[in-house]
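In order of appearance the chains are A, B, C, D and E, and numbering begins at 1 in each one.
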Amino acid sequence: MPRETAPSLNEKLFFQKALEENLRIDGRAFDQFRALELEFGDEYGVADVRLGKTRIHTHISAQVTAPLPEKPFDGLFTLTTELSPMASPAFEVSRPTPTELLLSRLLEKTIRRSQALDTESLCLLAGQKVWAVRADVHVLSHDGNLVDAASIAVIAALQHFRRPDVSVEGESVVVFGLEEREPVPLSMLHFPLCVTFSFYDLGGGAGEEEGEMRVLIDATSSEEMLRDGGCTVGMNRHGEVCQIAKLGGVPVDAVVLLNCIAVAGQKVREISDFVKGRLESDRKKRDKGGWMEELRAENDRVS
Amino acid sequence: MAPSSTQQILLSPAELSYIHTSLSLSPPIRPDARTASQFRPLVAETDILPSTNGSARICFADGTEAIVGIKAEVEKSRPIYQQNVEELDLSAGAADDEDEDDEVGNGVKGLNEWVELSVEIPGFRDDDSMPVFLSAMLSEALLADGDFTKRLWINRRFHWKLYLDILLLSQPLSYPLPLLSLTTHLALLSTRLPKLKSELDEDPLFDDDWDASEFLYPRAVGKARTRPPVTLLVMAVQENIIFDPSKEELAVAEVVLAVSIGEMSPPSGGGSMEVDSGKGERDLRLLAIRTIDPPSRLTHSGVPNTLNTATGGSAAGTSEQNSSQRESVVEEGVWQPPRGGAKRKLIAAMISKVLERGGVAEEVLDGLDAVELG
Amino acid sequence: MAVSMERFVLPGESLDAEYLPSHPTLPLKLGPGLRHIPPNTITPTVAGQLCSDKRKNAVWVEFNGGRYIPTVGDLVIATINRPSPEFYYASLSDYAPQATLPNLSFEGASRKTRPQLQPGALVYARVSLANKHMDPELECVSSSTGKSDGLGPLNGGMLFTISLGMARRLMLPRPAEQGRVVVLDEFGAAGVSFEIAVGRNGKLWVDSTSLKTTLAIGKAIQETDLKGLNPEEQKKLARKSMKDF
Amino acid sequence: MPLDTSSYSLALLRLDGRRWNELRRLTAQISTQASADGSSYLEMGNTKVICTVSGPSEQKAAGSDRGERDKAGVRVEISVAGFSGVERKRRGRNDKRINEMATTISSAFQTNLFTNLFPHSTITLSLHLLSSDGSVLAALLNASTLALIDAGIPMKDYICACTAGSTSSYSSNDESADPLLDLNAQEELELPFLTVATLGGSDSVSVLVMETKVQVGRLEGMLAVGVDGCKQVREVLDEVVRERGSRILEGTKL
Amino acid sequence: MAITILAPAPAIIPYQAESSPDDSDDGGVDLQGDVSMRPAKRARHSREIITPGEIITDDAQWMRGHGTYVAASSSEIIATVAGTVQKTNKLLSVRPLRARYTPEIGDLVVGRIIEVQSKRWRVDVGAPVLANLPLSAINLPGGILRRRTETDELQIRTFFSEGDLLVAEVQALYQDGSASLHTRSLKYGKLRNGVFMSVSGVGGGGGVVRARRQVWTIDTAHGGGKVDVILGVNGYIWISKHVEVTGGEAAITRIEESVSSTVYSSQNDAIERETRREMARIGGVIQLLVTEGLRVDEDMVMKGYEAAVEVDNLNTGESNAYLSVEKGQEVLKLLRGI
């Protein structure tokens, strides 16, 4: 059975001493993300995010199905996550780890429950036909901070995705192929992202006098293994907090937490801008010779 | 045969031998000095969960605890065609009494599928044999007379669907069947359904006033009472019949029976196992019996001193010799797991001890009746 | 040194005899990454640099990557998982099976005076037994001399993960042209004092007087490894990181 | 049906007659089950929870040794009774929301308990949700604390939890929004809220979970109300423990 | 009546909303964010019971014992369990109201064999982890000073096998808190001729406490003869028929031989029904003491037993050893009267 080697005592001690001297093993500042890279596939809705050695691949797909009986006017949006043994020896097939549970729950809460995707816009024929959008998140390599990287990947892929155009006449729905009509983007209400904080209690014992608390952003896998607690904040660039998850771990002063949320807001704006920039350059790349503008103009004339 | 114990309990041969000999005496001496038919005191309360139609909680003296919540929801009945009735009945359930079909005349008719019963035991999956067996035994007793589901009939188009969720809150230290059965009994007694305001086959409309609701088991005084079934665990050591066995006692039992008894309103059909056609007295009927595999069969036998090298005896050379010697040496004070089945006469005696006038079942039902309801 | 690195090979390609060393008396020795298919075909099983040693009449493929597979005689850095009455159980790397380290295989260890290692402690050890279907066994003492030869518990310091190829490079005495890592020499030349232990299982242990130095050395090696720096670049890197402290 | 949020002004009462900073009826009992090492029964309004603790006891089998051999592991099992909600519903053991709560409780107590005193053993918390009417996670945490105290397992301090909400929904940006303490199920459906658990009477937050969208400006007020609510909860729980302790001490004196 | 059904104990203290949260001491919300806590205040609150998180003292002269911890960067000793403070010289500890048994060297314990390994047994003594009983820590039959041989290792199950009960002493404690037992005394060894009961997990002065004598003999009423009671400090109790050691005080070597011939026996002697009944009565008395949260030691058990016999004698009709709820109350009344 493959198993992950737990960090040795030497590493623990060294890491702790480094934190006391305000150093991180990889030399970053405490509130610094690793190098973020975002690439889009040739297909619409494929995003590949790299955060240091962490790599996440997301694929969006859509198909027409019947809606849920209790929500006839809403389309479906599902998020699935997969952590394969390829990403880290800690993962096993068909045995969900807490990491996997939390990843899927946090994405669910941040993106799906906060209504990032306007599911009402996915309705074609009330009670009969709706779009079912599916986001598959694959973790290709795990070096910590899966949640943040995955949220970036999903949000970027959702914005990049184009679904086939449709026309509804009476009871009949016609789905046009990609070559027949230019596919249309999804309607998004906001773009929430996650920022995860890792807490390190240098005092050793908690209690009222824990003076020495260190807060790191974008922890690597070994930093995650050594942390005393974590907190994931999901929010959008407009300062709306979609979810907070400090699921146990070392107690942290309320003021520190509020501070984290403020930092998260700032980071989310930075990452959002980055994603926007990448989407823009991808659009330009696809739009060689401006034929897309032309097509759009043509469509306008038709309608 | 139903599986015996939820947890294999580990007792030394000396303990087993001591308990067995004590229980074989006449009258038996139980480890806590109870008489053979005496129950341990238990703590019970009903109507504890306002969000249910009926609920009850019981704590046994050994610390095991169960809670039962009953919820009723209105459900549209599947259209039933008369010719299909029998077939449906068979497919739906365990021990349905076909004779009762005669009563369909007035249109009141229940289906076993209107009752859903689930048993949850900590540390067990839903599909493990223990919860499955227990829920089968409990629903078997409940549905045995085919009378119960009729209470759920609203009109020809609607019925109540009754969900019984039976939770064991503690670790299953001893065989939990009696605990679960008694708790279910109390929960059913406390179950109330809203009063029907609509008439005939209209869409049902109910009285909002909870005070006006009606008990599933009406408690009019004087009228013939009907009560939910109870399942009791009865064990025997030699000729002694012992009730409410503790887990240590079960470990030396030679026969263990789970006996389900119900109390009937004056019957219209013929209940074959009727023991006493009482007049105003309790009219008890035997609903089901199951033998339970006694855990004593799985215990190791004791080694008599003569065969024990550590006590100056001489061990047999080979394992075959060893076992044959053990078979032949019957010594007082050495534990031997019981072998073979039970005598018919003994089982009959056990059942009659439950059902007889002034017998254990009556006392248990009297005790349960005394629990303050609502 | 008669080592030559002649060409890059791919798995399955057939090797011409000209690439193989020919020695009049010694039999040909095949090292890691090569397979002999009778009667006389030799093919690589991995992609990498084909190396040969004319004097020893040996040939092998130098490659970087893959998991660590314990081989007898390898020096490794192991993490103690848990003690047992006779062994310590230790892990060498992710995925690898647990190795055993007998309690008494330390210098001067006896029933009474053996080192007490906590779970998570690091030891520098030699693989003494490695069979296909058995857990590998480690030792911290030379069985012939009874001396530790520098093996034993590693206290303090920091553990870095490096590639297997880098670990091999660090341990081979070779001139700089043939892939010697010069970044450490550069630190040494600047008067930085530090201690280092290289495990063939892709682990590097560094200790020095200050945290920053330890980190700088560890990271310099990791960077050399990751970016495949040439000696010039390595020197530059070392000088740059020394400016920080 | 959206609630009429105008009725929530600080001076006014909520639908169930409480003020904005008022807890619901909070009652608890400990040592409710003789066969468990520790047990508790807790009601927060109509949310009712039972917790039993078994252990610390020898770790089962070698399969579960996940490195942590130098301290006790905390295992949490939550079972949600089919009859606990308004509608009868059975939840499978793989329900992610329930598993997330179990992970949270386990992680909170893993740091709060002195698990290093019990190497290679397991403390098992078994929680039953009998009736749910909001603040479920908070009730589960509070019941766990009591049962662990009953079991005599050393801990740094009580972990006390409650929920706090805000009368403005996320979309409206009105500045007059007020915080609310201890929400019931109906309020949870309508309003943004968070669950907060603190260590003892301090401001150290052990658990903070929010699953609804809210303007960042609202948070501070909600958190302050929540943290204060936890202090009130601690007083009540502490009273329960002291009461029980005094009764035991009285009994011992003969 | 065959069945007794009791109502549950009403033990709910309703939460009282503070009438005016703003002027109460700890209530009220500081919306301004100035939410500093005043822990010292709570410390004064204490009656006899200390609860987790409560500061016992900030005086640096005390040393912390069990059930306490010292927060980093302070000298305050804080309780970690609910219980009562105990001061031994300069050592400050909190005794929990209820907890699992923690082994201490010299404890007399009753245990059950759970697992047999090649050179040792693993014994359940009610502690967080199983205790060890090494083969080298038992008396081997045929002379105390006999050397342990490989045959003994192979026949390890003839001494103790899974499920067997034994009485032993805690010889040593390992770093992980588990105990190592020994039975190297004639007092210790395998148990037979009796019944086992477990009253573990009781503390705070109730249940079995470490006492002067854990083992004694009761001369029972109603012709029950002599009954031995072993109160394991771990809350495991063994009640058995008293077996006279043959040979009296003659030659010590003789005793050793005769004892060793039965010390690993799992065969019961003949036991009279009167003895069995009185043993059951003693068990009932102990159970009563435990449910009432009373101390279980020689003194209390003897008093309780005498009271139970008295109550039984007062009852007309046949003597019945069963302590029903009512009888239990009468016994308690007698006990409290003394």
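The rule is simple: a contact is a pair of C-beta atoms (placed from the backbone, for glycine too) under 8 Å apart; a residue touches a chain by one contact, two chains touch by 3 or more.
If you're wondering where the values come from, they're calculated on a predicted model, not measured in any experiment.
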List every chain that touches both subunit C and subunit D. A
Hey, which chain ends up farthest from subunit B, C-alpha centres compared? C
Taking each chain's centre as the average of its Cα atoms, which chain lies closest to the overall Cα centroid? D
Would you mind telling me which chain pair, B-D or D-E, is linked by more contacting C-beta pairs? D-E
Let me have the rounded angstrom distance from the C-alpha centre of subunit A over to the C-alpha centre of subunit E, please. 55
Centroid spacing, where centroids are CA-atom means, of subunit B and subunit E in whole angstrom: 35
Cα centroid separation, subunit A vs subunit B, in Å, comes to 53
Name the residues of subunit A that each touch 2 or more other chains. 6, 205, 207-208, 210, 254-255
Could you check subunit E for residues that touch two or more other chains and list them? 33, 35, 37, 39, 69, 78
Find every residue in subunit D that makes contact with two or more other chains and list them. 34, 67, 156-157, 199-200, 202-203, 220, 224, 227
Could you list, by residue number, the parts of subunit B that touch subunit E in their complex? 10-15, 17-19, 21-22, 25, 29-35, 37-39, 41-45, 57, 59, 243, 299-300, 302-305, 308-312, 315, 331-335, 360, 363-364, 366-368, 370-372
Report the residues of subunit D in contact with subunit E in the complex, numbered from low to high. 18-19, 21-29, 31, 34, 37-38, 43, 55-58, 72, 114, 117-121, 149-158, 179, 199-203, 220-221, 224-225, 227-228, 231-232, 235-236, 238-249, 251-252, 254
In their shared complex, at which residues does subunit D touch subunit A? 67, 96-97, 99-100, 103-112, 156-157, 170, 194, 198-200, 202-217, 219-220, 223-224, 227
Would you pull the subunit A residues touching subunit C in the complex into a rising list? 2-14, 17-18, 21, 23, 25-27, 88-89
Spell out the part of subunit A that touches subunit D in their complex, as residue ranges. 6, 98, 101-102, 104-105, 108-109, 113-115, 205-208, 210, 228-229, 231, 235, 239-255, 257-258, 261-262, 265
